[in-house]
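Here come two complexes built around chain A, the first alongside chain B, the second alongside chain C.
So, the complex of A and B:
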């Protein structure tokens, strides 16, 4: 440990990342990301550099990564990466091994499965339960924007990948757990979605786990929605406070595809989402509803870029954030309308609520390159509305309850769009857990 | 719009007139060779007979500038600027040490300002406005100085203030925009040659509008003026600046700095009608306008209001800002920025709320036409002690034509739970329905477009002094002519 601490003091994160990569590169599975692709990712990251002075990263706690012991993935550290992947890929797991896995799953105390959903569990970035997924040695090389550069980490270090190729209808729940085994290291959950034409998928993506020491969870998600495909993607980040959570997503939508994201971020000591959604097909629609609730010294930073590149494409963004105590909550919504997108429509509604000594930072950006467009955004920050508070108090509701109810109403702009009742309840409980006054008055059922 | 043949024909006929102020005055000038080093700084300082503190300040700025890198974060694209190819001092040759009155000013210069519609004769059209005329690197005339002096108001060229009021200059110069502030402000700090200086004593309401007109004339020069306005306790001043430049195929650099200081209960109203040469229809030529403007609401209940109408320049990079330090201070920013042909503008404001109960209002209207690119970039920052701070921002863009762009980059940073910040923005075009409504009532297409644009800009124009609001409206109509097709 002393050697590691000394190394951290002497070198910046980028140098450490590249050095760690060289240490482990030869042992990482070729079937997940080709070796050449991993090298290209490392080179691209090296060329982009570490974003210490990049304004796209100014609200995130990059310095927290200085405290991380190693960027080498948990499985590779223990020398079990290849050993862990190989049996999972096999269809003939021994009955005894299955029983052992069931036992481990019980110890993880996962939330109950959602009715009607097929569940797959990934522990420390590697598949642990559920049907094995066919992994093809196809190059998974998304092109990350500079503001998504931590996505290159996933390309460099991933030891497994969840690959979903769906035609027709499906309801899938993916649970990514960070275990105590990964404590002090990094895990790289990786998800690729390929939706065939006119398919309909409901996907629940959860991130859980509370390792005892500081651990990096660096997730990457790529999604390709063919003509008319519909994806409703629920994302719950409920990691423990010892986790640094960096999540990088890119999605591409073809004609008339529809991508709905409902994202709830409540966990981790610092969380960053860097998402890019490209509406490449005519009449494609993206709808992104996100909430973040931070307390103590948590940081929640979400950067979303939506590119409207085809005629009649539409996007709708809603963000609600609460920064309590000394937390920082930030959202950057970037709408980019290209000349090839006549008839495009874009809406953004960003609102932040500050309690205590918290900080809310909002950046509703518009880049419009055609005149046949309708684009609007609204952003507000502040405290609870005095008039609304008075309204409740004047009807005999005590101040703590009145405040809790108003906060709850504030978050409901996002929570009510979670259509799965069991999941909504769980999301509500997670959000309420961040707000002591809401929890105290029992505003959530 | 494009589906209506009548409209297309009519709109096509609105061919843009040539830039009206693109003439060159043939006048003998004292111009230093291109290049920037310590000897140029010393030469400028010597020509101005400056005190040692100012020379030292300039030299510190030059040393700092050499360590800086040109910023490229703005939504602007232009070829590299060769800072060594610019002449940093050019002044009309004068028969005497300097004109003591208007009678001693070169008649060619007076004729130039007459032609620009800024007569320097005190009985002329703008009789209610005192004017400081800056020609290339120097101020050539200042009107109504005596009348203002009777009220205790100091209004003079910056170089004169350095001689006559060195204590005031030393106390306030760089106190709002330090020499190390940013690349262009640092360059200006090293090489600035003149500008305007205003001091309004306590309790005085300046008896007339003050105005400075900046004119670039000489070829291969830049203009680097510096304006410093101090409104002492309980005073009020309204100041307006205008500008123009000859029509040339080469780009010329304008890097100015404006510093405003408002003490307790003081108010400064600063208006700009910017009409630098914007370049031709193909984007050749035009002024690169990199300006740093900042106001410091230092006193309790002080107020600074920026109003700008930006129609000129090939490149505009400016963010008039307010530091709201005094409790109850108010900052305002009203802006109309138009870009036509290949013009690019990246402009906006910063409102930094530091004192309690501070308030700010931002109204920004961007109009893009042709291949013009127009970006609003703004920061509203509420510091932890800014209890009860409020901000309202409205930021609208109008697009005329499918090749132009309108961009909005607001930053909202709030660190106080009692603050309220509201931001709203929209982007749209002049709709067929709006035009059709006007046309069927017998309004010509040109008038209809002007009317719609004028209505769009009304919240800003109403903040300008009346004479200049009319001028700004006409300027806007001219700058957009030919754009709608």
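So, the complex of A and C:
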């Protein structure tokens, strides 16, 4: 144990990641990511290097990764103390794994499923129930931008993947739970969405779990929307405070496809979303509405790059972040309108609210390479507006309630776009848990 | 609109109330600084239960400042003087305590609070006031019944309840919404800061009838206004002219008519002499 600790202290995370990868590589399932592709990912990460001084990584606490026990995925480790690694490919072992997960799952007391949704539960990055689907590894090889480089970790270590190929209409709820069994290790939830032309999908993606020790949840999401496909993607990050949450997403939209993201980040000790949405088809639309509420020492960091690459593509970004106590909340929104996108429209509204010693960093960036474009953007950060506060006080509302109401109001720009009532209540509740003041769920207008 | 009839005579004050009770509002020699500048320079004003006072005065004379200071808006420095509300030191109370004690401010510029819905605010405000008075809180049904009646009076559509506070309301709708809040809260003293500004003639009558419906021996109203027109509908017991941070003249409603004729220079000039 002492030897192990020493090794940790002497080498940086990248060396450890690569070493852990070498240890486990031979046993990782070929069916999820081809071995060669895993190696390529490792090589690319090595070449890019560990992001230490990069402006894009100022907030996500990469340092905390130094304290992580191992990068080897929980799903690839057996419960036995002696054998560090076992091949997951073994059918027998897989059965055993599943059985253990079942026990764990019962303890987890998952929230009730959303009505009308087909539900799948992933524990420690592995599918808990439901039929496994054949996967073509080829389809799972995304390419990540340097700001998304933690996505390579997912490519290297993933042991399972949720692949959804949808034509027609579907409503799906995916719950990713990190169990106590994964505590101190890493899990790599992996999600691939392939929407056929004109399909309509509502997808709820939730991340939960409270492992007792520091655990990395490193999720990768890739989405491909064919012509006219519509995807409403709700993302709730409600992990416990021992979790380091890192999520890397890439989406590609073809003609007239429509991608709506509604993201709520409240959990984890540090969370990072690195997303890239490419509007590759004419008149494709992306709308990304996100909120983050941090308190204590929490960090929520989101990097979103939207590439408008085709005529009449449109994007609409809304971010609302609250940093209370000593929390740090960051949003970097890069909009790139390419020369191939005449008639493009980009709107961006970023707002931060500071309470206590909190810190909010909003970085809008508009890069326009065509003349024919309409762009609107605004980024403001401040404290609660005294005039609004006084209005409420003058009506006899006590100060804590007034403050809570105004924070609600602030978040409502995002919350009101959650169209599933039960989910919205859930999102409100978890945002409420992050606010110090008396809460008034249901006050959102 | 027939209920907007003029109230021609002051309402008879209840003898029992008037006997020993302190005035509803008693301001003595109030000096207030804003942004380092002395804006109120010795205001004295006594409002008895059941009275309606009108305060007129040129732009920037300190009318809103007075209303804000009395209701506890931060940012004002009370240099000297006092303000008693039913004999209680007003400045010792927090803004929300003043509101619950029965003081209401109709804002000159009601703010928009998107995201906080009207119904929620009204109900929370009403129940806070009721708790203060030792009354039981209203449940959703009772509240709705009460608020519906008041909304009808103010001709405010019920759909406004579900909207954010003043969100996307026109200027006139905001002012009517202030009056609606006042009617729901039934304050002992309402300070209405230019609630008549920016209203069309029908809305003005509505607002006036709302104010008149609240008139009672136990309630007092202070109207800040630039226009004599409102006073045709809500007839004041006293009219004051505020200029340069002082009340330079007080009188009955005929003072308002005279002001309309002669303008503020007339009183402003006298103020300098006095």
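Note that in this section the second predicted complex is superposed on the first by the 403 of 445 C-alpha atoms of A that agree within 3 Å, B and C clash if a C-alpha of one lies under 4 Å from a C-alpha of the other, contacts with A are read in each partner's own complex, and residues count from 1 in each chain.
Methods note: a contact is a pair of C-beta atoms (placed from the backbone, for glycine too) under 8 Å apart; a residue touches a chain by one contact, two chains touch by 3 or more.
Given the structure is predicted, the values throughout are model-derived calculations rather than measurements.
Aligning the two structures on chain A places chain B and chain C next to each other without any clash. Once the two complexes are laid over each other on the shared chain, residue contacts for A:368 go to chain B alone; chain C is not touched.
Our angle of interest has its tip at the CA centre of chain A and reaches the CA centres of chain B and chain C; in the overlay it is 70°, to the nearest 10. Of the two partner chains, chain C is the only one that A:388 touches; chain B does not reach it. Once the two complexes are overlaid on the shared chain, A:396 sits against chain C while remaining clear of chain B. Look at A:359: by the touch rule set out above, it reaches chain B but stays clear of chain C. After the two structures are overlaid on chain A, the closest C-alpha atoms of chain B and chain C sit 13 Å apart. Within chain A, not a single residue is touched by chain B in the first complex and by chain C in the second. Across the interface of their complex, chain C is touched by residues 385-388, 390-399, 401-402, 405-406, 408-413, 416, 440, 442-445 of chain A. Here chain C touches chain A in the complex through residues 71-75, 94-96, 98-100, 104-105, 107, 110-111, 113-118, 120-121, 124-125, 128-129, 132, 162-165, 167, 181, 185, going by the rule given at the top.
Partner chain A is touched in their complex by these residues of chain B: 73, 75, 382, 384, 397, 399-429.
Chain contact summary for the complex, chain A toward chain B: residues 55, 339, 342, 352, 354-383.
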